[in-house]
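Two complexes are shown next, each including subunit A; its partner changes from subunit B in the first to subunit C in the second.
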Partner chain A sequence: MAQPVVQTIHRDPALFWWILLPITVVMILTGILRHYAMTLLQTAPKKQTLAQLRQQRSLVRGITLRTNANVLSPSSFQSRKAYMVQAYQEGKFLADPEARGKPRPNPMSDPAAMEGMMGMMKGNFAMMVPQTLIMGWINAFFSGFVIMKLPFPLTPQFKSMLQSGVGTRDLDVRWVSSLSWYFLTLFGLQPVYNFILGSNNSANQVTQQMAQMNPGAGMMGPEQDPDKLFLNEAENLEVMEHRWILDGVEDRLLAKYGL
Partner chain B sequence: MTEEERQLAINPIVQSSVQHNTQVISNIRNLTASLFGVAAGTLGLESYPGFIFYLLGTLIVSVLLFMFRAEGQPSKYFHRPMSDLWLGEVFGGLSGFVLTWTLFYGLVRA
Partner chain C sequence: MSQPNLLTPPAHISPQSALHLSQKAPLILSKPPTSSLPWPLSLLSSSESPETWTTYENLFYTCLQTGDDASARQILSFFSNRFSETNERVIVLRGLYEELQARNKVELEAVLKKYNQLISEDPTRFLVRKRKVAVLKSLEEMEEAIGECVRLVEESPTDVEGWAELGELYKSQNLFPQAIYCLEEVLLSCPNSWGAHATLATLHHLSSSSAPTPSIPSLTLSLRHFCRSIELNDSYLRGFYGLKVLSSELIPLLQNYNPSSRRNQHNDEEDVAPPKLETVKKLEELATGKLGEIVRRYGAGDNGWTGYEESEIAAARKLLDKEGKVVR
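Here is the complex of A and B:
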């Protein structure tokens, strides 16, 4: 069997100046715009009452005590643990002591939960709108002809997506239209954003979608019963094994210096 | 408490330093991956040779990182030197590589 004929297409060099470059510049500018839009859309955390703040921070205090227990001497850890466990079990830190043991209200009716959902909606919105606009722009202006050849082969399944509007049956899949350059920039521009905007930018929708898979795991959501969280933390403190970091420090020191 | 946890408690790992080191590695990887894409596109590499070129390039970058950034003692800077320095972020730069590879291949060759 003969070697398949290598298809060559002569293209106008002006394609680079009028298609590749504009798409790239628009993608970079959209990323920067999205970053600043997300920064501006972020709502400041709502001001909480003193009791709510105390409830939240005292739970964090218990967790901090548990993670850093190693640096405390046994006696000081025991006294802290005794105080925290007792206070947790009595519900001393609860913002609303009367609501203890009652079922929680429906999260849909809670305004704080609605606020969180609105924030997520805004994030999705800021991602969807530019994506749709740019894809529409590319389809309207630059569809119907191939502009470049990919340096690696693809399976024929990609033909309909990457050669949209070309409509030649036998053309190699490696010849692609401008929409595929859009996809390449969509995935490949993250380093460019990193260098322009710093590492914690919110310019790329792909990374954002990945981050949204587990939103705020371990945070104290408004729908959780604080009393249950406190009792849970009290139990964690009760069962934890405490080991002082300075146990046997003399032996370690002597071993380290070989005496 | 296991022996490893005890060691970590005695010599704790500072999270912000770990993040900084990972960031440095990731920046170097992204930048070099894009430059490798420029080189591969200009050389006109196609399909497998291009990807092998990328892997070889990242290997060279790993050696340079080991010699100059970690000063030959990666355990001083990384908790797990194998996965953080030698293999860390190898595929994170791939999309940038493909982008510049395609661009320069399209400009120079095809």
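Here is the complex of A and C:
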């Protein structure tokens, strides 16, 4: 039973106070600062005009008609369907009836799209600058330090993750270098931010990217042609099969009460 | 039913509970929601939470209901300090306050003029437009109110409140087919609302009773909607009440109902087959039994049966008494 030799490195206890702790604290503080910076930089979503609202809500109305049609009696469903399909095909609800059938303009020339891109740029900027600065700071002051030992064994694959900046081949994987500690905190601090700032904070990269997916874009983004959406919905309405939920409701009710 | 509170007030606040709630105003208003310190420090000392403003808003409504104008004004100033005077909801709250302060028609029309101006500045202020409908309604200018409401649902067709209000307005003018259309639109947006089903059923019933001869298809539709509302909520007093009224109306009609002659008259649009006579009789039996049970257990104060409105119970009792069945 040959026990592998346990590597011991005598570390100065000051390493903990002067490297491990400062890096962690600085990382947390940058996260918080970034959160508030993002909150300040955020532009309020642009107000939609009445015609755009009408266009979007008319489409939603068609979709609700399709999904909840079973509450309507067959005759009232048919009349609604006929009206909606005709109005959709005529493009009655379009915000911009003139633009019907024309190809979409280039998104680069569209001011609304430019604004969205500016927002994205700002977000990326607020991410990049502090990270470059902190990484430079760590590289300049703390590179090459081994600052702690993980309490559990790991496979050698983790070596490049945990010991970046320390170029020793035979060092046990459990030792963590300062630069690696920076990366670990960079990706692992989300729960801490959730605790400090609440769950929908913008302190971290991952959430940042999620937020960039504009909620409005899914429904009727600038890329989609509203006329196509309307025609599509008209087709959906035309082919749907209608079932009335009130058919036989009396018998269902009586069966429920066992009469 | 739980005690009414300021975070989740019931849809309909009775005068007693409104008074009870508005008496909490001095305690809640004694400490301001936002900190008085300058900016960076105010972040630390503020006791604001998402619930704070819901509480304030509901407190505002109960204060208006009970006539506690001083507290209402104070809450209003909190709102406009926090969310700025141009916020749409603050505008609406202020408008609500001014509407209630208006003592006569002229003052109310001044409020209306203000609303008109706000709407022409930005026609997407749907909340203000709804208030305008309400003011027109209280000025009893029904036609204008209906016109405004029609424009509102035309431009925002997914607005359930707008459709419901329009239905209500049409109903007040006895225009039942239009009201039914509006309520169907409400139902499309909330298909599982038993209240909407019952309201639609009531409209079908009213449209039948306003016609010179009772129309069996309308009554059948009404019956079915009541059935559906009970299917969705099996302790729904209004549903059982309607079921009882409808089935007792339908039974004599169905007894001398001749399907073949009927079909010749109405072969164009009626797709609603009338229910079988036995089914309706059974439904009446069910409704009577259930109403009796509700009235009895409410009277006895049984646990879980006391959440009904006093007036609804009284109506149910009256309906049962009319038949000579003593429920005690």
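Criterion: the second predicted complex is superposed on the first by the 186 of 259 C-alpha atoms of A that agree within 3 Å, B and C clash if a C-alpha of one lies under 4 Å from a C-alpha of the other, contacts with A are read in each partner's own complex, and residues count from 1 in each chain.
The rule is short, and it goes like this: contacts are C-beta pairs under 8 Å (C-beta built on N, C-alpha and C of every residue); 3 or more make two chains touch, one makes a residue touch a chain.
Note that the structure is predicted; figures quoted are calculated from it, not measured.
J.: What is the contact status of A:I245 with respect to subunit B (first) and subunit C (second): first, second, both, or neither?
T.: In the superposition, A:I245 contacts both subunit B and subunit C.
J.: Going by the contact rule set out at the top, does A:N70 touch subunit B (first), subunit C (second), both, or neither?
T.: Touch status of A:N70: both partners.
J.: Is A:K228 touching anything from subunit B or subunit C once the two structures are fitted on A? First, second, both or neither.
T.: neither
J.: Can A:K149 be said to touch subunit B (first), subunit C (second), both, or neither?
T.: The first partner, subunit B, only.
J.: With both complexes superposed on chain A, which partner does A:F16 reach: first (subunit B), second (subunit C), both or neither?
T.: Touch status of A:F16: first partner only.
J.: Is A:F187 contacted by the first partner subunit B, the second partner subunit C, both or neither?
T.: Only subunit B is touched by A:F187; subunit C is not.
J.: So in the superposed three-chain picture, is A:K47 touching just subunit B, just subunit C, both, or none of them (first/second/both/neither)?
T.: The second partner, subunit C, only.
J.: Can you pull the subunit A residues that subunit B and subunit C both touch?
T.: After superposing on chain A, subunit A residues 70, 245, 252 contact both subunit B and subunit C.
J.: Provide the residue numbers of subunit A that touch subunit C in the complex, in ascending order.
T.: Result: residues 47-50, 53-54, 57-58, 60-61, 64-65, 68-76, 245-246, 249-254, 256-257, 259 of subunit A touch subunit C.
J.: Quick check: in the complex, which residue numbers of subunit C touch subunit A?
T.: 122-124, 154-159, 181, 184, 187-189, 191, 221, 223-225, 227-228, 230-231, 234, 269-272, 275, 279-280, 282-283, 285-286
J.: Using the touch rule from the top, collect the residues of subunit B that touch subunit A in their complex.
T.: Residues 1, 6, 9-10, 23, 26-27, 30-31, 33-34, 40-41, 45-47, 50-51, 93, 95-96, 98-103, 105-107, 109-110.
J.: Quick one: which bits of subunit A touch subunit B in the complex? Just the residue numbers, please.
T.: Per the touch definition, subunit A meets subunit B at residues 8, 16, 20, 70, 147-153, 181, 184-185, 187-191, 194-195, 199, 241, 243, 245, 252.
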